[in-house]
Structure formats: C-alpha cells, structure tokens
C-alpha cells in the first residue's frame, strides 16, 4: 500500500499520456548515488537462445569490467536480465516488471523483433530509454517527428539490409556475376535480405533472378539448390543463419556447383567455416565487427576472450560481442552525459555526435538528432583456409 | 527428367530422416498409446551424447555409437520410471502433456550442460558421395536410408512375431486385461521407452552430419509428426511410407511449385490423405462393437 | 477334498474412490472347491475378485494364497502365483487376433508345445473360436468374447480361477456348457474356483460352498446344499416366492 | 396394408462373413417382439442395422410405411426408435439426470444461438424436459441416483438407467438389447414388470434381444429365433421354444 | 450424497449452485472491478493476460473438455482474430465492430476446420489441426499486401467510441468480455447443445442413437471455440500492440492445451485456474530468482559465516539462479510434477479442499485416495 497513492497518480498520468501523445515526458529512475540499474530481456531458453545466452554473457562481462574500472562517475552498473523465451507476452510482462519493480534507468540490448516491439510502447510511455536492441527492425530507431517519445529509441545493430546490400555489391563487383540469386529464411529477418537483394540489383542494373526460401530450422535444401542451379545462377546470396547457410553450401558442393556465395551478418561468424569446412571456402561475408580467433587475437580482444572464458567457461563468439558492445556503448555515453545522469542528459550525450570505437575493429558508433541508428559501416571478409580473413573495413553500400 | 529423378532421390533421403524420427513416435504409441512429444528432445540428447563420446572423448565412431545406444537405453528407462510410471493409467492426454514437460526439461538441461553452440562430429560417412551416372547421393543420406530400412524390418518383426512384442500391443489395447494375463505392464513400459530412446539415439547420430548438433534439433520431431500420422500412427511400415511420401512431396514441390508451397505441401497432402483415409495409409480402422 | 484353504480373505475392506465397496469380508476357498458368491448388484461381489487379483488395494485386512500374503501385490505377480481372473466386461485385446489373445493368456508360460496343445483344447471347448481364430477379438459378438475371456484365463493353467459372471450374455445352451466345463476343470484338473454369478440356481448347483453378500458384508455362508434350503436364498436369489410385490423390497 | 414395422430381406456382410442373411419379419404396433438365438447369430447386428449404426448390403427397413433404410442413426432416433446397448453405452462422466436429459434431445427445438443467449424459449423447454425426465425416473425408481455420476453406479442400476434414457427419447418403438443380462432373479423380475408397464401404459412397441427364457416367455407376444444370421423359427414363445432346431442350437436338451 | 436435495424443475435456471456461491462470486466481481485502483500496473498487466488466457481456456474447455475434440492448432484462431483486429483497425473500423467481426469470422473458419473433424479422432484430429495452424501461418506470411507478411503489423491503442482506452479501460474491456464469455459458456453447458457435446465426448454411438446430429454438434463446438479464441485474439493483439506470424506458433497452441490440462478438463473454473497458472508461473519464477540470492545472503549474515566463504557461496547461488535456461527447466519440472500429483488439475484440488472444509472434521483422506487406473485403447471410441 505504501505507494498506492503514488501509483494511482502514475496511472492517471499514464492514461494521460495515452490520451494526449503530444506532450513528451521523459522520466529518470534507477539512478542513485552509487548505482545505475539497467534492464534487458533475451531468449535464454527458446528457439534463439544460441543468440540470447552469449549476448547476456557479454553484457554481464561488460558490466563487471565497467564496475572494476570504477564505474560511471562513481556509480556502479547493475544489470537485471530476464529470460523471455522469445515470447512477446512474457517480454511485455518482464519489461513492465523491469520498469516498475526494478526501476531500471533504461532497457538495454533487449533481443528479437516481436519481443522488443511488443513492449516498446510501454517503455516509451514510461518515458524511459530503449537502447541498442539486438534486432534490425526499423521500428527500433525510426523516428516520427510528431512523436517526441520516439527520441527515446536508439539502435546500433547493423541492419541486415545494409550488410546484405554491401555483401551483394562486393560479390557482384568481384565475380562479375550476371545472374545473382537469393535463398532466404522465410521470416522477418529474411524479408530484410530480399529487400536488400532487390534494391541492390536495381541499383547496379542487374536483373533479379531466382528467389527461393526455406523455413527456420529446415534441414533439407536439395530442392532449393537444385532450382538455383537449374536456373543457372552464378552468385547466391544466403539470407540465412549459420546452420542453414552451411546446409546450402554443402548441398551445392555435393552437386558440383560452385557459384559465388555471399553472406551477411548472421552467417558472418567463425562457426560458419568451422562447421562447414571445405564447402565454405571462398565465401564472401559482411558483418558489423571483425571476426576474431582466440589463437591469433591480440590486445584488448585477447583480454576479452580470456576474461569471457574465465567467467563462463566457454569461448566467446560474435553474439557475445553484441551484448558486450551494448553495455560498453551505454557506459561510454553515460560517462559523457556527466555526473548528473538523467534520461535527458543521456539523450543529449547520445545525440552529441561523439563516436564510440569498439575493441573488435567494428565501425565507429555515433548518433545524431535525426539519426538514431548508430552504425553505418561494416567489415567485409572472405573465407581463406577455413577462416574468415578481413578484406576491407569501414565499408558501406552507399556510394 | 534427370532433375526429377534427382529430386525424387533427394526426397527419399529426406523422407527417411522423417521416417527414422517417426519410428520413435510410432514405437511408443504402438505399445502405450501415448504420443511422446519429447521424442525430438530425446533424439537431441542422443546426438549430444554422441558428440561427447566422439568429439570430446575421441572414441572410435562405432564404439561411441554403441556406447551412446546403451546409455540412451538406460536414460530412456529412467525417464519412463520418473515421468511416465507415476502416471501410468491416467488419461493419455495427461501423459502427453507430461512428455511435453519432459521435453522442456531435456532441452533446458542440454542447453545448460552443452551450451548453445552448434557442434559437429566427424563420421565415416561425412562428405562422401555415391554417384550413379549423373545422379548424386551423399553417403550420410545413404546411411540414413539403410538404417531406417533396417530398423523398420527389425521392429516390424518384433511386434508381429515375438511374445513380448505382442504383449506390448496387448498392454496398449487394454492395460487391465494385460495385468490379468500376468504381463508385467510396468516392465513393458520401461522396455518400450528404452527401445524408443535407442531409435531416437540412432536418428540423432545419423542426422548429426547433416543438421549438426544443436539445441533446436528437437524441433525436427515436429516435422516427423505428419510422417507418422500419414502412415497411420502405430504402424511401423507406415512411418517409413509416410516419411518418404512427405519427403518426396516436399522435394518436388520445392523444385516445381512457386515459393511457399514447399513448406505447406506436406500438410496439404496430409490433410488430403486424412480426409480420404481418416486412419492414415497403414492404420487400421476397427468398428466399435456395441 | 482337502480341508486346506488355498485362498483366505480375512476382514478385507476396499473402496472405489469415495465409495466403500466391501466392508470387512472374510472368506475361505478350500483347495479343490468351487465357492459361489451371491448378492445383488452393488453388493461388492466384483470388488472381492478385484481385490484378490490386486486391481483394488484393500484398505484393511489380509489375503493369503497358499499361506502367502498377497494383498496389494501387483496384479501381474498375482497371476504368476497361479490366480487367474475372468473379469466382468470381458476385457478383450480388441486389435489382437483370437489366437494372439489366447497366447497372451499363456504369457507367464514358456512351454511352447504345451501352449499350442492348450489352445487346441480351448478350441475344442468352444469350436466357434477355432473358426474365428484369425479375426481380431474386437469383431467377435458379445457371447463369443465371453467364451474367449474364459479360455484366455484358463491358458495360464491357474491353481485358482476367479470367475466374474461367466454366463453373462450367453445363450441357455452355452450357459449349460460353460458350467459343465467349470465342473470338469474342478474335477479333472483340481482347479479351485471362486465364482460370482447372477444365475444363482446354476451357481448353487455347481458350487460346493456359498457366501451371500449384502451391501459389502457377508450375511450368510454355508454349503450350497444348505443354502438352497434357506428361505432367504430361495426367495431373493432363486425367485421361488409367492406373487409378492417386488417393488417393496427394492 | 403395411405393418407398423417391417424388416424385408435384410443382409449385411463383414468381409467374407454374412452376419445377417436375408432376414424378414414384421412387428405389429403395441407388440413385444423378442429375438433369441445362439451367440454370434447376428442379433445385435440386426439391432445395429435397425438403428442404422450399420448399413445393410441389401434389404429394407420400413417403419410406419416409411422406408428408413437410408436414414442416418440420428434420424432414426428422430422417428421415435430408441435403443439400449448390450454393453451399456451410457455417458460415463455425467450424472443420471444429465444422461436422461440427453435422451430428450430430439424434443429440443432451440438453436445453439438461442441456447447461448438462454432465451425464454430455452428456459421453458428445459423445465419441460426436466419434468419429463422426472416422470421417467419415478416410473423406474431412479430418483436416488439423480445426481450420481454413472461411473459410480452398479451394473444393474446402469442397465435401468439405460432403459430410462431410451424412454426419455419418447420412443414409439423401443429396442432393448439383453435387458436382463447381469441382473439377478429379483432384478430380472422387476425388469419384466417394467417392460410390460412400458408396453401397456405408455403404449410403446418393444423389440428385444434376450437370453433369459423365463423373461422371454413372460413378456413376449412373438419370438424370432436366429441362427447363423438366418431366421430359424418364428411364432409364440412356446412354439419357438419347442421348435427342434431351436432346442438343438440354443436351448440345449 | 450431497446435502441439498434438488427437486425444483427450475433448478437449471439458477446460475449458481447455492446462495453462498452467488455471494462469493459477487465478492470476486467486486474485487476485480476494484483491482486497477489497488494494484500496480505490472500486476494489472498480468491480470489482463490472465483474462485473455482465461477466455482461450474457456474456448478450449468447450472444445476439449465438453465436446471431447482435440486441437493443437488453436494459435491459428488467435492469429485470425488478432489479424482481423489489426487490419480492421488500419481501416478505421471501430473496436466494438471488429471485436464482433473477429469472433464471427474466426467462428466461420472454425466451422470449416470442424468439417474434417467429422471423420478424424484423437491423434489424427490433433495433427489435422496442427496442419491447419501451419497453413494459416503460411497464408499470413505470404499474403503480404494484407498482412504485411513477416514484417508484422502495429496496432493503434484501443479506442472505444472515440475515446482511447488507457490500461484501466482496457482491463475493463477484457474483464467485460471474459464475463460475457463465461456466461455464454455456462449457458451452453446447461443447454441441449452442451448436453449434445457431453454425449459426443462420452459415446458417439450412443449420442447418435439418442438422435443427436454428431456432425452438426462437432462443427458447432469447433465454431464456438474458434469464435471465442478469435475474440481473445483481438484483445491479445491490442495488449501486445504488435503482431507477426511467428507469434502464433505451435508452442502457443500447446500453451492453450496446457491451460485446461493444468486447470482441469471438466469445468470452466479449471480453465480460469489454468490461465492464472500459465501466466503467473513466469513472474513467480522471476521473483524467486530475484529473491533467492537476497535470502541466502541474509541467511549467511545471520549465521555469521566467514566473509570469503560467504562470498563464494553467494557467487555460486547467483550463478545457479542466473543460469540461462534454468527457468524453463523449472517450468518443465513443474508441469511434470503437476500432472503426477494433481491429475485432475487445479480444479480437482479445489474440489478436494472444499470437500475437506465441508466435511470437517469428519473428512476422510481415504476418500481422496488415488486409485489404480488402467488405460484402455481409445482407438475404438
């Protein structure tokens, strides 16, 4: 009962917000003299837990490191993380719990499209920041000028669309392909890839050819590959995630068919050549950060790999860097925002145009008043001798 | 024409994958009339165990295979003892739900124990292909076709001719009467769960080179479901026939039909067959005596 | 006739969920005897048989079989000891053939040749089963299923046979035959039989000793010869009464 | 002049077996007609043909001048032909009252929509159903089992509930499949009284299958004996019982 | 036998079994109406989901509990309702209209799905509904110009007669719909339609011999169940404000079946209990996860454990409760334990607790003793 009057007041206010969206009300909570609380929710048990688990680990590691180096203006970071099981219903409840019970300052690096989009209005109407979700959905950074609360959304996840366009562009330029095709996963992610494919071919004046799809979790790609082969494709864009990508290139090899394969960020991971072996040789890929290997890494990346292994007993992967970077970018800009950290001051810091450089050789992250998507460039790599080798950094498909 | 034949062969290989998983469903259903929703997860567990034996411990493939089969047989019996035995005799619906719970538990445990990365094992079949003229068939697919065929024959004979096999069917048809005949019903249940875990384990190991070993491997069980139903749940040759039918349908529709048809073709065929034969291709349709 | 009880129930109480079915029943089945249990519907006759064969767990009391306590034992173990039960409602394996049903009856045995011979014997008892041996049991008519149920129970070569309404749904001719078979089994093979039967006349003609049950209690027990003379039995179970209004007694 | 109920040359085959082979008979209105015969002679199959759970391979069933051979089971019930089952087919999880109310189904005229909104019409009909059911319960003395789930009733009472449910259908022709099986002498006696009462007081024509010859003799107007799916003898109870074939195949010496 | 002797022919007209029951339901209604003013928005949100799931639970109860038909494809009906809402809202159709529209449309689809059910039983029917659900998902995905395909659709905040509904208003909307659905379900169950369902569930043969058109009632059961689920879909879509095809997957359908298994198949109360359980179990596990480290810490302070040891133990505890996937492990275990120890569902437990109090102090635990149960083939039902 202690706060029932208060909460009734808050409720009335909430109803007010819902009724009159014009007035922007940013709210600051979760900051004490000693602590900043941030919240996240990811899939740790459902269909995309192979992303959620390492990403959460990465976040935990980053929080530890930030705190070990003295915190942010003397305040320690505290991360509250929940397992939403890739269920938007749970995500809504958990977000609400993070906001109301844990009183988090911001939601940082929540994962998945449906699972971030469903609770997003809640976060916005509470006047809190929704930062760097691990999804490329446009809703997470696109701003409607009529809605001031849209300024609360920031994203720095390199859109699949961008990486795929760059990958296709580079692939076609290199291989002089005449008939590029695409095979894509039939879901929201795949949609990004097909858009990129269509737009890039249009931009390069190359006619579009075969487009085939498969369902998430498919194990058989014979008919898709056979179809593209029969259509005479000479370049294949893989709008798929690691396992399916390997399936596709393996079938192609079995059928003695060797077009140029280009992939984008979901497949631009060390697992791809590791598991796919010879079949993946020569594949071109584009991703947000450089691929690192434990035995060849140096400097901060090496420290990161070792710290990660020490903390969780497993090897770090690309997914872990996404979570790690989320917290690091937050810490970076919170530092810039100064001692008086509020939602407004952090927005100001984020929009200041200052850049953040990660330790993995990724493109610099910076936001502005009109652009809340913090990343615009990517890394191009190619598989040589079973490993990703960086071909070029800081690239973009835009001319 | 060559494309067509190649697609059909690919479809058969794919269909045997479904058939092999479906066999596990059918076994338990035939002997206990329970649909085991944890079948896919048990298969996944088998695959992860094989990873530990082959990749982590570096054992010989065949030896590891044997070891894996034995451990899964024990685990199958343990699962039966812990989850199914206490609710023996409850309505099937409840038992089915309990197997869903079991599936969740296995999936989470596997995630906690083996992590979430994709894993790979080297097998004697990895990468090899068999060529007949210009037709190609991967050796790992061939191994699945052979194993599925073999298991089908063995299991069919087991249920058709052996005393224990018939007793299992008797138990599923009337548990009370089975008790009255002195059939050790509980041991039958343990045995069938062991058997089915063995089949699942074989499926997991044979599939590993094609699909890798990962935490979502269990979802493949859902894809094998229509195969089992199409054949007539409870019929062992039916599982194989249903699997191959669906494999070929998927393969051909993926090649010849417009986008999107491949994924639903199997279900459309399934619905069509069920409307024509409500008990599936090989199922028996007994009239109720009143 | 030896005076040794092969099966002895002492003070047994059983219930179906919330309903108490039998309340403290004691009953002896002597070696080589046929004992009949009479009683109205709901008196608890079937529950006694179920409690013996381990399908119902008694709340109280003991059951001794050949001097060994068997209450609350698993039903399949009870069968292995030599107690076979022909249940109420026939309880077929509906999708197994008649022959396989019989083979399941001999599940606890391993002597293949003897089993085959016994199947032949059952076919001789009930020739219609031979005609139908490859049909699934679910397709048999009610009476044929009853024949199969009895044959199937005999396949385990029991020492004690529990018969729950063997004449249910059978034609008058078959009822006579079945009771003849029961007598033969008892006389020739020494099987002790506990018989629950609505056809009281048939039961009392066949059995040596009888128990009369009312609402879960034994109200009378004596040799059948004496029971037939009792007025109560004559009136209620043999229907040998005047033209009284039956309704009043319900 | 057509009979009240007529079965003409009816035949059904299961696989190679002819279960009912060219059987014909007719029943007059108000009659109690009994079918006897050895086990497996096709008595229950004949019942299933009449109530249209099975489809005959040949022949016709004519009820009140209408050929009902092609109707569905529920339409047969709708014409006023109700039945009981040899193995008891009650709705196990429901109470006696609910079972009997289901029997009243064909007297409901309300649509599902009206049911959902529980319009006055539904309410009125419900009360009427309840009244009818209570009357049947009074006749068969089932009041004390009104709210007991069927699962908890002894076999003999279930038999009576099944008859009661069939009566609730408000039948003109009632098919009883072995009404006395599993009943003791006293209960069989009561059943005989009820059958006569149903026949006399409610004017229901009864067709039954029965093994208890004392019951058969007591209530039947005419008896048909079947063997191997064929009619063996037809006539009064005494005639049939003294028929040498019937004695040999069914009654025993 | 029960204490109250029922003789009135009007008995079936009573909505509640007794005065006392009516009183308690009145209290419950009052509590629900007061809820938004008492509890925090987070709990209100949970309550909204509970209401939506309760509606679905009632739909499942009518289909499976009452009519004995299986469906593991109900997520598709939820999806159809949700998309009807999203698309209608896009074209400016008012909420009350599309609430009814979605129900009617989904009901129609449900009727069509019921047609194959006329010939299918048990597992075959279950798989047919599963196939239907997959096909619906694929149609939604492919019909891009209407459904926006995989990108999904955003919904505007719900509005009633031009007034935007805040969280309070939306809660009352859900509450209202739930109450109406429950009343409708009660009416169905105590009417000829409901008895026809019951008859089909227990014995189809006998049902037909009683003159029940089993085909008609099976499709009716599907239609009613689908219509109710579709209505819930509208509320679900608004609550989540964003929908996409992958949100209506098999696991959602299985959740729905779980509602009635856990709650108890045979009563509407069970459906509501099941809904409460399915929604609340996750928040509850979260609370446990958050509280356990605090509790162990307090406990160790209380027993004055040496600092380094305490810190190691504490780290261990934090590690265990924070282990990824632990929650779903526990959830799986809860389901298994539940079915083992509570085969009649929460409703069964409820009845036993009530019996305990009614018979106190004469309650005999034996009357609740688990009996041996023996399964029979359901293939020839």
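A, B, C, D and E are the chain letters, set down in written order, and residue numbers restart from 1 in every chain.
Methods note: contacts are C-beta pairs under 8 Å (C-beta built on N, C-alpha and C of every residue); 3 or more make two chains touch, one makes a residue touch a chain.
This one's a predicted model, so the numbers in the text were calculated from it and none came from an experiment.
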Required steps from chain A to chain E (each step between touching chains, minimum): 1
Contact-graph separation of chain A and chain D, given in steps at minimum: 2
Intersection of the contact lists for chain A and chain B: E
Farthest chain (mean CA position) relative to chain E: C
Chain at the geometric heart of the assembly (C-alpha centres): E
From chain D, the most remote chain by mean C-alpha position: A
Between chain B and chain D, centroid-to-centroid distance (C-alpha), Å: 47
Mean-CA-position distance for chain C and chain A (Å): 73
Centroid distance [mean C-alpha coordinates] between chain D and chain C, Å: 29
Junction residues of chain B, two or more chains touched: 107-108, 111, 116, 173-174, 176, 179, 260, 263, 286-290
Chain A, residues touching no fewer than two other chains: 45, 49, 53, 186
Multi-partner residues of chain D (at least 2 other chains): 44, 53, 85-87, 89
In the complex, chain E residues that touch chain A: 36-38, 40-42, 45-46, 49, 141, 149-152, 154, 157, 164-169, 239-242, 244-247, 251, 279, 282-283, 286, 290, 322, 324-325, 327-329
Touching residues on chain B, where the partner in the complex is chain A: 3, 6-7, 10-11, 13-14, 17, 107-108, 111, 115-118, 120, 127, 129, 136, 138, 207, 210-212, 214-216, 219-220, 247, 250-255, 259-260, 262-263
Chain D partner contacts - residues on chain E that touch it in the complex: 1-2, 6, 9-13, 184, 187-188, 190-196, 198-199, 201-203, 205-214, 220, 224, 266
Chain B-facing residues of chain C, complex: 53-55, 74-76, 79-80, 84-85, 87, 91-96, 100, 103-105, 107-108, 136, 138-142, 152-153, 156
Contacting residues of chain E [partner chain B, same complex]: 70, 116, 119-121, 123-124, 126-128, 130-132, 134-135, 138, 141-142, 205, 250, 254, 257-258, 261, 265, 323-326, 328-329, 331-336, 339-340, 343, 372-381
